[in-house]
Structures are given as structure tokens and as C-alpha cells.
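Shared chain: chain A. Partners: chain B in the first complex, chain C in the second.
This part shows the complex of A and B:
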């Protein structure tokens, strides 16, 4: 029998709004902080871990080896290898799958899955025409050629290109895409605000109950997620103006995730390794599935996890009712609601090649300790945040408890995974 | 703005805030006619309840190579005490002036991790004026407390050329240097001194101006020794424990722009690093980290 990949535990730094308390921190700084907190929590100082996989969505070109550099800055042994993985907002669920698969294949006994993003310290690139001119000037062999190249620079070339969350093939922002999905699935403003308010209330209760005491390490004086508004309500959220979908739109800054800064990491291991190191085992990674939609042809950009969910359930012979807890990443409140509606739609699911509707979720199982609307969403850190939190929640419920994670991502991608408490 | 109070045996001058460095610096470089044996101020200059600026720390860390963590580098704590160095050296009681004084060595002890969020009580006093074959040595002794707990101590030793102390000079020990191929090469740009001035507040123009550097016998600006020290210490970044002692000896100034080499070793006590010329044939500074609680 192949080894199991168990989740030992996780660590993240509190998430903050972009431009806030981590405005000066780089992805390298935050990822190192998340790793070092994990190292401290599980006594890994000087330890050679099998591999660390991490990544960031908004990434500077100098950070080509972001994760390896963070490992070198961390207290882990410098002999710990690392790699960068990037799958938009699915990044650190994908790094979890990558590490778990290597453990299950017996290639590594332990590993760390991680992700980080800074919307504050985002890379700014030169404009595309200027970049081409600079490359040409750099390749020039004579002064004349170089002068000729530079003479092509025009004032409009000097405007820097900030990273955008636009889909390259549609030119639409993620919010614009989701506004179309929201409208076509008939998701109401009230339902979105209610889901957002619940997310804040759940997260606030989890913090108050000490749930994050062994999941979060303070960083730069921040001890708690700063986007969380414990006192928000459907009424307060209802007063906000639409941010997407025009004046009649239903999506607001309150029911959409805020640009955020943060990092998260998860320690995974074989049972043997965890036992040898006297470490806890919370849950095992049972299976994972990735899917994509053809959004350039008009499909709902953020509903790719639906196909992934349908396929993983069929492969494992499970139904929605077999899960004790479900985590659906709250890119937008309406993404979660449209996902749940799609699960219930026979037509949509069979259109994906599934044998029928996925089913109806008991909403009391959904995001019970809050999710991205309240925590924030540093793109590549979200998956690892969810994995660590869900593993702990399942463990609290007892062996055999099952959980499903569904994360949507730019590019029409979706990653899902099944965890089971051990 | 300054009040004098007594703590232990030493007078304490409490400053209301960080002194304005430019006028103090100007005073601290002006030579004053002085007769009789050299003197140094005996009081401790203190800034209480100092709040660290996270943005400045981030800029300092970016420039010196440290990862931005909750716990700050000991060299950053030195930087926080530096205005008090200038304040005391600008004192009329001080025959040691910054002008012509050379920072020859530094040692620091970090007693525990110090968080960027902690409020600090900074104190500096001068001590141990003693002879050297080229003049006189003096120690600027910094102490940082959180409430009453001493969390950091630093000793900066300056050589004041042309100052004569009427005691026989003691030979100074210097660790032997073995030429070796550097493990790393650092390319230091001409404006590095300007960049370090922005984060350290050290206004000495020999680091930023060719003219000023020439006036002191350097053909080009020289980088601050404390930048080089910090950069070398940062090369051990992830392996530095929460508490340790570290010291440095500055051998030869680094003229900007240039490329220098780094040679590091493990030692029984911890780590040692030498910043050399690019070939690894001559040292600019040698530093060490001593820790009883070394990882792995």
C-alpha cells in the first residue's frame, strides 16, 4: 500500500488589506515569516524537509526562485530543496497536492506546501514597447545601433505597466467576469450580503474561540486578520454601492474579496515521518482534481471547480452528503452562490459531462470558520490557509470526518481536494 | 530640552527625541583648540520610549539583505543609537571628534529577539579612552532596554588620530587572514553610501561625496563600515538564533563603486565572515557570530 500524506499542521501570518501594515514587506519576507512560524511550531529548525513548494501570483522577475530563497532565509536546513508553482488563486492548494503526491509516491517523507502574495509590493513593469526597445538596445553591437534603438522611445512608452487582474483573452477583470456570472445565475444582492456577513461572523467567532491560536503567527505587530469586521451586518453591507456590474450591479466591495497581503504554509508528511518526529496528524489528503472552463468562449470564468468537484466525487464514489465540512473559496460571495447553484443544476452538470447534478449542500457545513471575504485573499496563500484550517476542523470532529475544498482561479481554472481526518 | 538626572554612578541626559543630526554632525567634526590631556563626556545620553519605524526598518533590511521579520537585526539597533554617538561626540567636553575618527571595531550582544513593535530605551556613553599607536581609542557604549530589561548592548570603538593619551600603547590583536576564493561577490554601486545614509541617518559626507572623501585621503566615497557589517551578518540571516554575540574589525575602507567578495566559515563558536577584495586576497573587514545555541 502506498504511503498516506497526512497534514501535520499549518501556519500563516495574519492577512491584511493591501497597502496596510505589510505594505513594506515583500513576498520573500512574508513567505519566510510563514515558514519560520511553521518551523517554530513543529520544531523543524535545522531540519532538512523533503521539499518546500510555494508560489506567488504577483511575482517580481527577481523572485524566480522565491520559495528556495525563502527557505534559505528560514530556519530550515539550507539543504532543503524547493520549487515555485503558480496556478493563480489555486496555487497553494496545488502545492499541497504536489507535496502530498510526492509523499504518497514515497519520493519524500515530508514537505511544506505554501503560498504568498503581496498586492502592496506588486511588480511594476515597463510598457511593452519600451521593453522591446530596451532589449534591442541591449543587443546592439554598435553605438549607432543603440542610439537608433533609443530614438524609438516615445513619451507614452514611459508609463509603467502595473499588474492587472484582467483576463488576457477577454480583457475583462475578474469582477467583470463574475458580474456576468452573477447576473446569469440570478444571484441576488441580499444573498451575497448575507453570505459575506456570515463569513465575517464565522471568522470573528473562530478568532474569539481561539481556533487560530495554533494556526497563525503574528507578523510586524499584526496579531489578527485586519480585514475582519466583526460588527458588520447585512444592513451595513446593504448600504454599499455596486463595484461591478454597473449601477444596477449587485457586487460591492463588501461582498467581494479585498486585495490582500499574506502568506500561509502547511506541513505534510508520511505517517512514519510524523510519528518519528512525534508530530500530530490531523487529516490525510485523499484526492485532488483540477478542471478548466472555456471562458474565452463565454463560460463562467470562476465556475471551473464545479467540473472538478463532479469528477472527484464520481471517482471516489462520494456525494455532497458524505462531507462533514465544505470550504468554497470566497473570491466573491456570488462565486460561492453560483457554484452552489451550479452543483444543483442537472443541466449545467450534465453539460460538463457529469452523470447528473452534484447535489445540494447543507449550508451549515460551509466555511464554518469564515473564508476569504472576511480573512482576505492573498491570492497564492489562500489554498494553504484553507487546507490547514480544514484539517484542524476535521480533526476536531474525529477520525473519518471528511472535507471538500473548492478553489476557483483566474484563467478559468478550478482546484478541488478531499481531506479526511485521521 | 535636555534634562540631567542621575542613574547609578553616571549622569544621564534625557533627550526629548532623536537629535537633529546635521548641526550635531557639524559640531562633532569641528576641531576645537584644546590643551591638556584629552577628555570625553562622562554622562549617558538617553532617548526614552523610542518607537521604531517599520517602513524605515523595511528599507534598512532591503538595503542590507535582511529578511523583514518581527525580530530586528542587531545592526539596526546600532543604527538607532547612532544619533546619540554624534550627540556625544559633538559635545564640547569631547576632545574626540568624528572628523578624522575611524570606526575600527564593533561588538554587539543581542540578549533576546527584539521586535519591531517594541518601545525601546536607548542609551549611549563614552568610555575607555586609551592609547593606540596611531592616536587614541575610545568606546561608544550603547545599551538598549525594553522597560528595564537590557536587550542589546553594543560597543563601537573609534580611533582618534592625532590624539595622545599619556599611557603606553598596547599592541592590538588581529586575527590572521587566509586568502581564499570568495563564495559570493557583491557589486556595490556608487550611490550605495547615499542609499545607506537614507536608512541610517549617518550624514558623514565621506560616504556620499567624492570631494569630501578626497579631503580625508580617499580617492572616492567609502561605504559605511556598518553597512558592510550588516550585509555580512545578513548572509547568515536564517541561521541566526534569537540571542548571540557578534563582533567586527574594520581593516580597510571599501571605495565605491566596486565589487567585493565574501568568505564565510563555520567556527566552533558560530560563524565567521570576511569581506575581501573581489579576488579574496585582502580583507576589508572580518566579523564573527558567537552563539551557544547554534542550530544543527
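This part shows the complex of A and C:
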């Protein structure tokens, strides 16, 4: 039998709103902090871990080897290899799959899956014409050539280019895409605000109950997720103005995720490695599936996880009812609601090539300790946040408890994975 | 740094301070270092315990210069590193003259950070013998106040049956730089029959828990115990996790986020230790808080929180860890250390709640020690005086300068001084040291 990949535990720093308490922290700093907290929790200082996979969506060019550099800054052995992976908001669920697969193939006995994003420290590039001029000037052999190159600079070239959160193929922002989905699936404002309020209430209760005591390590004096509003309510959320979908839109700043800063990491290992190191085993990674939709042709951008969910369930002979807990990343409240509606739609599911509707989810199993609307969503860190939290929740429920993770991502991508408590 | 503090530490300010008698205090010898000059042994009335213990430690020693009661005390040719007075065989007050005769030449013959160690029989026997034991304590305390240049003196009472092996770790600690800020103190060593010998890594292979380890004294304890070979489980409240992680990674240990006042804290701790496959050798209950107010302004909440964190929490945790049925509980031959305070022993204005909790710790270890002796578990406390930490750095400058200078070494102690004393108590060779409260205060002028 091939080795199992078990989740030992995780660590993240509290997530904050972009431009907040981590405004001066880089992706490198935050990823290092998340790794160091993990190392401290599991006594791995100086240890050579099989591999660390990490990534960020918004990335400076200097961070071409972000994860490896963070490993070198961390307390891990400098002999620990690392690689960068980038799959938009699915990044650290994908790094989890990558590390788990290597462990299951026997290539590494242990590894860390991670992700980080800073919307505060987003790279600003020079304009495309200016970039070409600067490269030409740099290559110039004589002063005259250099002056000639510089003389081509025009004022309009000097405007900096901030990273775009638009889909390159449609020119629409993610919110604009989701507004279309929200409308076409008939997702109401009330249902969205209710889901957002539940997310905050669940997260607040989890913090109060000490759930995050062994999942979070404070950073830069921040001890708790700062986007969390424990006192929010459907009434308060109902008072917000629409942010997407025009004046009649139903999506607000309250039921959409905020731009966030943060980092998260998960320690995975073979059973043997975990036992040798006397470390806990929370859950194993059972299977994973990535799907994509043809959003340039009009498909719902953020519903790609539906196809992935249908395929992974069929492959594993499971139904929605077989899961004790389900984590659906809350990019927008309406994304979750549209996903659940799509699961129930015979027409939509068969259109994806599935044999029938995925099924109806018992909502009491959904995001029980809060999700991205309340925690925040540093793009590449979200997957690892969910994996660690879900693994702990499943472990608390006892061996055999099963959980499903569904994460939508830019580019019409969807990543899903099944975990099972050991 | 306040304006006044800046002026004080400016070149001009330092000149004025020097004239006012506030010169820069001596730099203390610290760490696992021995005196540079000779160790002089004065065995009185044929006592042999000191000699055998020095031999067990592998330290050479020389004969003392003995004063012949002239106007001018005879001196040592070159400065000596330490004088050890073995007074364990003395029985009469008249024999105290021998103590004077060996101490007098040493008073001006000690090197900087030199050491005087007096060994005496623990108070017992007839009236005169008991008076004698107490008289030696008075001598020790006074010598501490007269010594200069960072030199210290301490008195060790030895119980009947104490062998060199029981005393070796104590003598090693007192002669080495580790005891830099322990001065004018007296404690007792009992016969334990330990076979452990002293070494530079006495805690190798042993697991120790330190609470409140994210900063200050707790972090220093973790570092010192790690230097001595221990595997550390460092504990602090979740909001202190960032600093705690840094300490854990520095010492190669593990960080556990835990509020020690939680009802199930002991079980959480034991479960963690059991899961990680460790045998628990020692717990250092370092976590503590202050909520200072004059008693006239102290409400029930301030009262309760300080007593709970500083005293009651460790009692609840000990209850769990000392239950032989607890997986992850304290092993036979283990070590418990509490942190008392000179504020508790002497009282301190504005700190009734804190003094209660810290004096309570002293009472607790004295009560627990005899009850745990049959399991080879020792229970002791250290009582820090003024230690330079983030906490004491917040005391206003003038007050702080007074606090730090009102002791025999004219300076505040370092967190490492507290840590070293705890390391000594954790040494397997310190099995004969239990139920003791050792002050790490540079012989603070206040307190019993």
C-alpha cells in the first residue's frame, strides 16, 4: 500500500485588511512568520523537512524564489528544499495536494504546504513603454545611445501600473463576474447577508472557544483576525450599499471578501514520519481534483469547483451526505450560494458531464468555524488556512470523519479536496 | 529613556554621579566560569566535607592565610578567587574566632567577582550549637555587605549524612559565575544519596516545561536550561505566541499556547507532553503578573487575578502532573520550581496581592517538599529581587535607580541570574536541595 499523507497541523498568522497592521510587511516576512510559528509548534527548529511548497498571487519580481527564501529566513534547516506554486486563490490547496502527492509516492517523508498574500505590498510596475526604454538604455554602449533612449520618455509613460485584478480574457473584475452569476442564479441579498453574518458569528465563537490557540501565531502584535466583526448582524449588513452589479446589485462590501494580508502553512507527513517525531495525525488527504470553466465563453467564473466536486465524488463513490463537514471558500457570499444551487441543479451538473445533481448540503455542516468573509482572504493563504482548520475539526469529531474543501479561483479554476480524520 | 536618565548617563552626568558615590557598578562574572585566582580552603577543627567536595569537583585548592590578630591583616600575595570556610565541625561559640581569622585576610584579598562560601552544620543540637549556626548566618550577611568588586558570600547549612556528592552541585554553582547575583544567602542541603555527578550538560535528555517563557526571565530560563542540555516545552498565553515561537525556535524546543489559569490547563499540558513522547522531568512555574495598587484601592478582581495566575494556577497544574496516573505527568526524581519574590518575603508598598501570591509560593514549596521526598521530587523556589526586564524598565528612572542600587552588588540582576539559579535546582546532582527558597537579589537591603 502506498503511504498515506497525514496532516499534522497548521499555523497561520492572523489575517488583516490590506493596508492595515501588516502594511509594511512583505510576502517574504509573512510567510517566514507562518513557517516559524509552525516550526515552533511542532519542534522542528533545525529540522530538514522534505520540501516546502508555497506561493503568492501578487508577487514582486524579486520574489522569484519566495518560498525558498522564506525557508532560509526561517528556523528550518537551510537544507530544506522549496518551490513556488501559483494557482490564484487555489494556490495553497494546490500546494497541499502537491506535498501530499509527493508523500504518497514516497518521494518525501514530510513537507509543508503554504501560501501568502499581501494586497498591501502589491508590486507596482512601470508602464510597458517606459520598461522598454529603460531596457534599451541599460543595453546602450555609449552615452549618446543612452541619452537617445532616455529622450523617448514621455510624461504618460511615468504612470505606474498597479497589478490588475481583472480577468485578462474578459476585462471584468472578479466582482463583476460574480455579479452576473449572482443574478443568473437568482441569489438574493438577504441570503447573502445571512451567510455573511453566520460566517462572522461562527468565527467569533471559534476564537472565543480557543479553537485557534493551536492554529494561529500572532504577528506584529496582531493576535486575532482583524476583519472579524463579532457584533455584525443581518440588519447591519443590510444597510450597506451595493458594491457590484450596479445600483440594483445585491453584492456589498459586507458579503464580499475584503482585500487581505496574511500567510498560512500546513505540516504534512507520512504516518511513519509523524510517529517517529511523536507528532499528532489529524486527518489524511484522500483525494483532490482541479477543474476549469470556459468563462471567456460565458460560463460562471467562480463555479469551476462544481465540476471538480462532482468528479471527485463520483471517483470516490461518495455523496454529499457522506461528509461531516464542508468548507466552501467564501470569495463572495453569493459564490457559496450559487455553488450550492449548482450542486442541486440536475441541468447544470449533467451539463458538466456528471451523471446527475451533486445533491443538497445540510447547511449546518458548512463553514462551521467561519470562512473567508469573516477571516479575510489573502489569496494564496486561504487553502492552507482551510486545510489546517478542517483537519482539526475532523479530528475532534473522531476517526473516519470526512470533510470536503472547495475553493474557487481566478481564471475559471476550481480546486477541491477530500480529507478524512485518522 | 527619560531626559533625566539621558543626563545621568551623559559624560558630564557620569562625572557628577561618580563624585556623589554613584559610580558604575562592577561587571559580574557570569556563566559556567570558575574563579581565576586560587580557591582557598579553610577546614576548621578537622572538617573534611569541603575538601572532599572540592576533590569531587576536580578543583585544586590552597591553604588559607590565618590572621594572628595584629594591627594589619596579613594579605595574600596575589588575589585569590575564592575562600571556602568549612565550619561544619564547629560546636562552640569560642570557635567563631577561627572563622574571623580566616575571613579577615580574605576581605581585601579577593579578586573581582570572588567568592566566599561558608559551610556549616544545619541548626541542631544544644542551645550553643544552634546559636552558633545562627551566628554564622549573621557573619555571612555582614560579610556580603562589606565585600566589594562584585564578590559574594553565601552560607550553606548541611544536614547530617550529607556526602560530597550531595554538596557538589551547590558548591559548583556558588563558585561559578552562575551564582553572580546570589549574595548573603543561606540555604540547606540534605542527604539524598544521589549518584548524579556534576557536568556541563546536566539536563541532557531531559524535558523541562517553562511557563511564561515568551519574554524576560522566562525566556532566559529557557535559554539557560537549553544550554544545560534540556529539551524545552515553552508555554505562554496565545497572544504572546509570536515571541514564544522565537524562543522555542532559538532553543530548539516546542511552543505551547496555553492559558495556565484555564481549568483544564494541567490536563492540556500533560496531554501535550504525552503526545510528544516526552518524560516530564521539570516544571518551572515562571508565569506571573502584577496588578499593583495600594491596598486602599485594590478591588476583588485585581486581588483574584494575581493570586490565580501566580499561585493557584500552579497548584492546580501540579495536582494533575503529580498524580501518578497522569500520562505525561512528572517523573520520579523530577523537579518543581516556583518563582517567589523579595516583594513577597519583605512586603512591598502597592503590591499586597502580588506579595500574597509570591510569599504563598515560598510557603507552598516548603510544604510540598517533604511530601514528595519519597518520589525523589524536589520542590524549590527562587525569589528574584530587582531584575532588569521590560517590566522593571517601566519603573520611573529615579525610583528604578534606587531599587537597582540598594543591594550589596549596587546593580540590578539580569534575567540570566534567575535562570542560572533555577538551572542549579534542576541539576540531577541537586537532589539534596529541596524545600528551599533562594533569593536572587544581590543581597537586597530589604527582606528577611
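Quick note on the criterion: the second predicted complex is superposed on the first by the 413 of 422 C-alpha atoms of A that agree within 3 Å, B and C clash if a C-alpha of one lies under 4 Å from a C-alpha of the other, contacts with A are read in each partner's own complex, and residues count from 1 in each chain.
By definition in this document, contacts are C-beta pairs under 8 Å (C-beta built on N, C-alpha and C of every residue); 3 or more make two chains touch, one makes a residue touch a chain.
Predicted model only: the values in this text are computed from it and were never measured.
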item	value
Clash or fit (per the criteria above) of chain B with chain C on chain A	clash
Partner chain(s) touched by A:75 [first = chain B, second = chain C, both, neither]	both
Contacts of A:28 with chain B and chain C, given as first, second, both or neither	first
Touching partner for A:40 - first (chain B), second (chain C), both, neither	second
First, second, both or neither for A:278, with chain B first and chain C second	second
First (chain B), second (chain C), both or neither touched by A:371	neither
First, second, both or neither for A:219, with chain B first and chain C second	both
Superposed model, chain B segment overlapping chain C, candidates 38-46, 56-64, 182-190 or 218-226	38-46
Doubly contacted chain A residues - partners chain C and chain B	33, 36, 45-46, 75, 218-221
List of chain B residues in touch with chain A within their complex	54-55, 57-59, 61-62, 67-70, 115-117, 237-239, 295-296
Complex contacts: residues of chain A adjacent to chain C	33, 36-37, 39-43, 45-46, 75, 210, 212-214, 216-221, 223, 278-280
Residues of chain C touching chain A in the complex	238-242, 244-246, 248-255, 257-258, 275-278
Sites on chain A touched by chain B in the complex	21, 23-26, 28-29, 32-33, 36, 45-46, 71-78, 218-221
